[in-house]
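Before anything else, here is the set of structures, which you'll find just below.
In the two complexes below, subunit A is the common chain; its partner is subunit B in one and subunit C in the other.
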Partner chain A sequence: MLEAYPDNRLARILLWGFSALAMAFLMLPTLVVVPLSFSASDLLEFPPRAYSLRWYENFFGSATWMAGLRTSLILGTLTAMVAVPLGLLACISMNRLGGKTASAIQGVLLAPSIVPGILLAIGLFFVLAAQGLVGTLFGVLVGHVVLAIPVVCIVLLPAVARFDWNQVQAARSLGADWARAIGGIIVPQLQISLLSATLMAFLTSLDESVISIFVASGRNSTLPKLMFLSLRDQIDPTIAAISTLWTAIVVIVVLIVTLRQKS
Partner chain B sequence: MKSLPIIIDSVRKTYGSYVALDDVSLDIRAGEFLTLLGPSGSGKTTLLMALAGFVRPDSGKLLLGDRDITRLAPNKRDIGIVFQNYALFPHMSVLANVEYPLALRKTPKAEARQRALDTLARVKLEGLSERNIAALSGGQRQRVALARAIVFEPRVMLMDEPLSALDRNLRETMQYEIRRLHDDLGITTIYVTHDQREALTMSDRVAVMNSGRIQQIDTPQRIYDRPSTRFVAQFMGEANILAPGLVRTIDGGDASHETLMIRAENFHLDARLAGPDAVALEGMLRAKAFRGENWLLTLAPHGGQEVLVCIPSALAGGCAELATGQRVTVYASAAKAHAIPGAMA
Partner chain C sequence: MTIAADPALAAGARSERRFFLALSLPALVIVGLAAILPILWIIRQSFLTTGGEYTVGNYEKVLSSGLTWSALITTVELSLGTLAFCILLGTPLALALASVRPRVANLLMAFVMLPLWTSILVRTYGWLVLLRRDGLINAALTGSGLTAEPLPLVYNFTGTLIGMVHYMLPLFLLPVYAAMRDIDANLVRASASMGATLGQVIRTVILPLSAGGIFSGSMIVFIYTIGFFITPAVLGGGKVNPLSIRIERTLSTFQDWGSASVLGILLLVLMALVGAMFLVARRLVARNKVGAAHA
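Right after this comes the complex of A and B.
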């Protein structure tokens, strides 16, 4: 087909050039932080005049930052552990129900991904305040699970729709109750989608700042919340060091999962 | 293995305004091989799924032995099911598939393995136990599905068009083997198909279904020779439904004042082959076709209706010389002219 266009070389160069520009535009804001983090200066300056690891030392040496890191990792793990099973069960029910009821339920479940985060955060704040749960890890967890469920459902719905439902009926006829049919037949075959959903739920929680700002406090402050506070109070390159580490962790996790899926 | 009778008592199932099962009642004897035969949408699969527990009847009762299973969960029914697409578990080996129902029943490991291997041998799959499901042919998958459905010694077996995905030769082999397995185990079996030949070959009794009702239930021979409705007559092979007055006795009188069914293969060109009580049918020859083992003649008696006549090649002395447009008389034994009560042609 390409032979039909004698000037396709030019077209290809243009396409590559455009793609490279788009990539650069997407990546530069993230990458510019990396040299900043190795700066020896007290200020965020680009390009740095001298290099050091002092901001990394500052991060790892600070009890506050470490507590935030710990909270974020625990919260991310818990969010995934709660949102993925809930999301899977929801997707199975929606698939079995079908019709308008299922569409309505799907609309409700996906709503948190459409509603502005700040509204969700304010609403959650009042709900938790009424229960006396503001500032608790549980309160933030609830918020993050609400945000992660739509993400989990978007990953799992098509996978559940593709599943050969006769297998579940076969398992049931052979003596399996619902729990065993799901655990022994559905889960092992949806492994890859479940792994993606887990990762997405984990990253959703890790990345979330608005709800955390409203609801988390003290030792339960997440890393993104601490970063926002730090940006407001005193700007120094510790932020850049954290961002760099953060980006590196996410890239590594995503790479591992993607490569495992390929193999 | 002790098998159980099944009683289906006025079971009804509707989907909105669509009646899938219209007060179906059916008694199946212990150890019987019964086929539900009908076109798609006739309700046969719905009835099977109601027995399996995946369709809940609106009203009516299902009894397995003397136990009411109408509302029992599918996993507590102890019924072996072979699905149309086999529904094997692709993430398990052949052996693990067959061991699965035993593992659920907490059978000790060594015993489960031995029983699974014995069952695989019974369906002629010894040596394939470690294979992946993806590495099996269609016929082998069918056998694994069978093994998995019988390994836990269910009291009843349900089969939903299990051979429809196989090619013709394999189908015939498997028909024979499924029947042999049934006879060995003596297990009450309900088999669903839309293939009338399969139903006739395999079954003790056939229940012909249409529009959510059982039209007739009888032995294969009686279903074929003595259909009780026009639908059954036409569903079971080449049947001519003949209005009163078309068929005459050999001396020219009316053979019957009822609608008659005569199968295409029961006609003869030679009156002597039809015996002393022969009835006759005259019509113009519309078309003739040589089909190898037989000739197929299409006759047009008055009234516009077409009549199919099938003459075995061995007895078709004059067929080659017949010309279309010519008037032809064919004969059948009166015993083969079956009156269909209440059927208007």
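Right after this comes the complex of A and C.
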């Protein structure tokens, strides 16, 4: 946009120098953790004097961390398994109903994404406490599903809108029931969007920390909850190892999603 | 339209509508049970004593406590501070991104989005490593002789603010970048050919045309930061106590569900107020624009 000002060197340098700083600011905390995770020292030296895999061994050798990892992976999978079908049905419904009804449904479904996590967390804690369900996997799961549904809807709504509904009409008029029409016609055609939605729902659950902190406990503590507790107490380099693995996984998942959407 | 008048077909359309409505039901039920019911429960709990009797005592207790008001002030200070830095850092960055070729911009955007996809705990940990007394930044500062003593950069307001700006910057950037990318480059070219300086172009063409994006970005920053919990809890080191931290402490240290609920409602009220302010401001701006166009 600023190519009309090729000679204004000072402005460009200022603008670009400034942007480089802002970029460094954005990237630094994520990147700084990587070399530290391979350090051989108990101290957080930078750059590390000697390298080792001891913090990775520490992570994979610890029963507590492994239980947290297992819980987070199970929870992420269950969240995706529940949120994606519910989201898909809701998106079909909004697409077909249209108008004010669809807007109202969308409003309700997207609302949890703007409510502060801390409010959802304590409210859910109260409700679960009344049912004696605090600390159960179920309690955290419903919290995560509610947070994943908006993400799923944002991915699937445009995909459903692109779908040619005449195909379903044709199938219906030839005698297919709704389950067959949805499962046999809509789902296969939305495959790529459904895969994206599944990964996003999984990531939403994996990343969620506040609800887990309040509602999960004991054996059902998620990885983010354990990390939070550990960060509050001391700075354990094991977290650098977890962080590095975590970032690597997220980058891979996001790459898959963006590349598949492009192709 | 004789077809639409056919009662059998009309009944069919009605039952189909009911069917499509029912498709939303499972999602609506779970959002109702796990998001709406909990919020209602907070309201109910705020009027209950520990014994389960109705009372307004929780409100009297919380609203007469100085801690509540200082928490409210801290919350607003953190939000305003985050917003100020997001505007200062994010607007030039968005302008730079909007000025480069799309291919380069997409690559740079990927780097901007990386933190967005990184767990908040990973980022908070990264900041701890960077900002501690013996952390990287202090080592660089004292090592180069810029400061004699390590600066207190974390476990205080500064550290919390840095963490929050880092979290919000990509989210602020997205709408601003989108708005700037949509500006017709010919407008800038025309201004340049008429002799406008770069400063004038930024001030009178680019910023007014991206005001909508900056506005949306600001609203996102405010709505998100009001309820921030992880960042102040870890980077604040117990010294920064916005409403979210007070809620947690009231709940887990004092087991005072009633007071925690009142604090939660304060948070909701604050959010509603800020949201309403932004909507009113947007309407006023829109009206002024219409007025100016007619004048």
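In the analysis below, the second predicted complex is superposed on the first by the 226 of 263 C-alpha atoms of A that agree within 3 Å, B and C clash if a C-alpha of one lies under 4 Å from a C-alpha of the other, contacts with A are read in each partner's own complex, and residues count from 1 in each chain.
Following the convention adopted for this analysis, a residue touches a chain if its C-beta (ideal position, glycine included) is under 8 Å from a C-beta of that chain, and two chains touch if they have at least 3 such contacts.
Worth saying up front: this structure is predicted, and the values here are computed from it rather than measured.
Novice: After the superposition on A, what does A:195 contact: first (subunit B), second (subunit C), both or neither?
Specialist: It touches nothing on subunit B or subunit C.
Novice: Subunit A residues in contact: does subunit B have more, or subunit C?
Specialist: Higher number of touched subunit A residues: C.
Novice: Looking at A:171 after the superposition, I want to know if it touches subunit B, subunit C, both of them or none. Which is it: first, second, both, neither?
Specialist: first
Novice: For A:257, using the defined touch cut-off, is the partner it touches subunit B, subunit C, both, or neither? Pick first, second, both or neither.
Specialist: After superposition on chain A, A:257 lies in contact with neither partner.
Novice: First (subunit B), second (subunit C), both or neither: which does A:137 touch?
Specialist: neither
Novice: Looking at A:232 after the superposition, I want to know if it touches subunit B, subunit C, both of them or none. Which is it: first, second, both, neither?
Specialist: second
Novice: With the two complexes superposed on chain A, say which partner A:67 touches: subunit B (first), subunit C (second), both, or neither.
Specialist: neither
Novice: Looking at A:81, would you say it contacts subunit B, subunit C, both, or neither? Reply first, second, both or neither.
Specialist: neither
Novice: So in the superposed three-chain picture, is A:154 touching just subunit B, just subunit C, both, or none of them (first/second/both/neither)?
Specialist: Touch status of A:154: no partner.
Novice: Any idea which subunit C residues touch subunit A in the complex?
Specialist: 17, 19-24, 26-28, 30-39, 41-42, 45, 89-90, 92-93, 95-99, 108, 111-115, 117-130, 132, 134-136, 139, 166, 169-170, 180, 183, 185, 188-189, 191-193, 198-199, 201, 206, 223, 226-230, 233-234, 244, 247-248, 251, 257, 260-261, 264, 267-268, 271
Novice: Looking at the complex, which residues from subunit A come into contact with subunit C?
Specialist: 1-5, 8, 11, 15-16, 18-19, 22-23, 25-33, 36, 44, 46, 82, 86-87, 89-90, 92-94, 96-97, 101, 105, 108-109, 111-112, 114-120, 122-127, 130, 142-143, 145-146, 149, 178, 203, 206-207, 209-210, 214, 224, 227-228, 231-232, 235, 239-240, 242-243, 246-247, 250-251, 254
Novice: Name, in rising order, each residue of subunit B that touches subunit A in their complex.
Specialist: 52-54, 73-81, 83-85, 87-91, 100-101, 104-105, 148-149, 152
Novice: List the residues on subunit A that touch subunit B in their complex, please.
Specialist: For this pair, the touching residues of subunit A are 164, 166-167, 169-177, 180, 184-185, 188-189.
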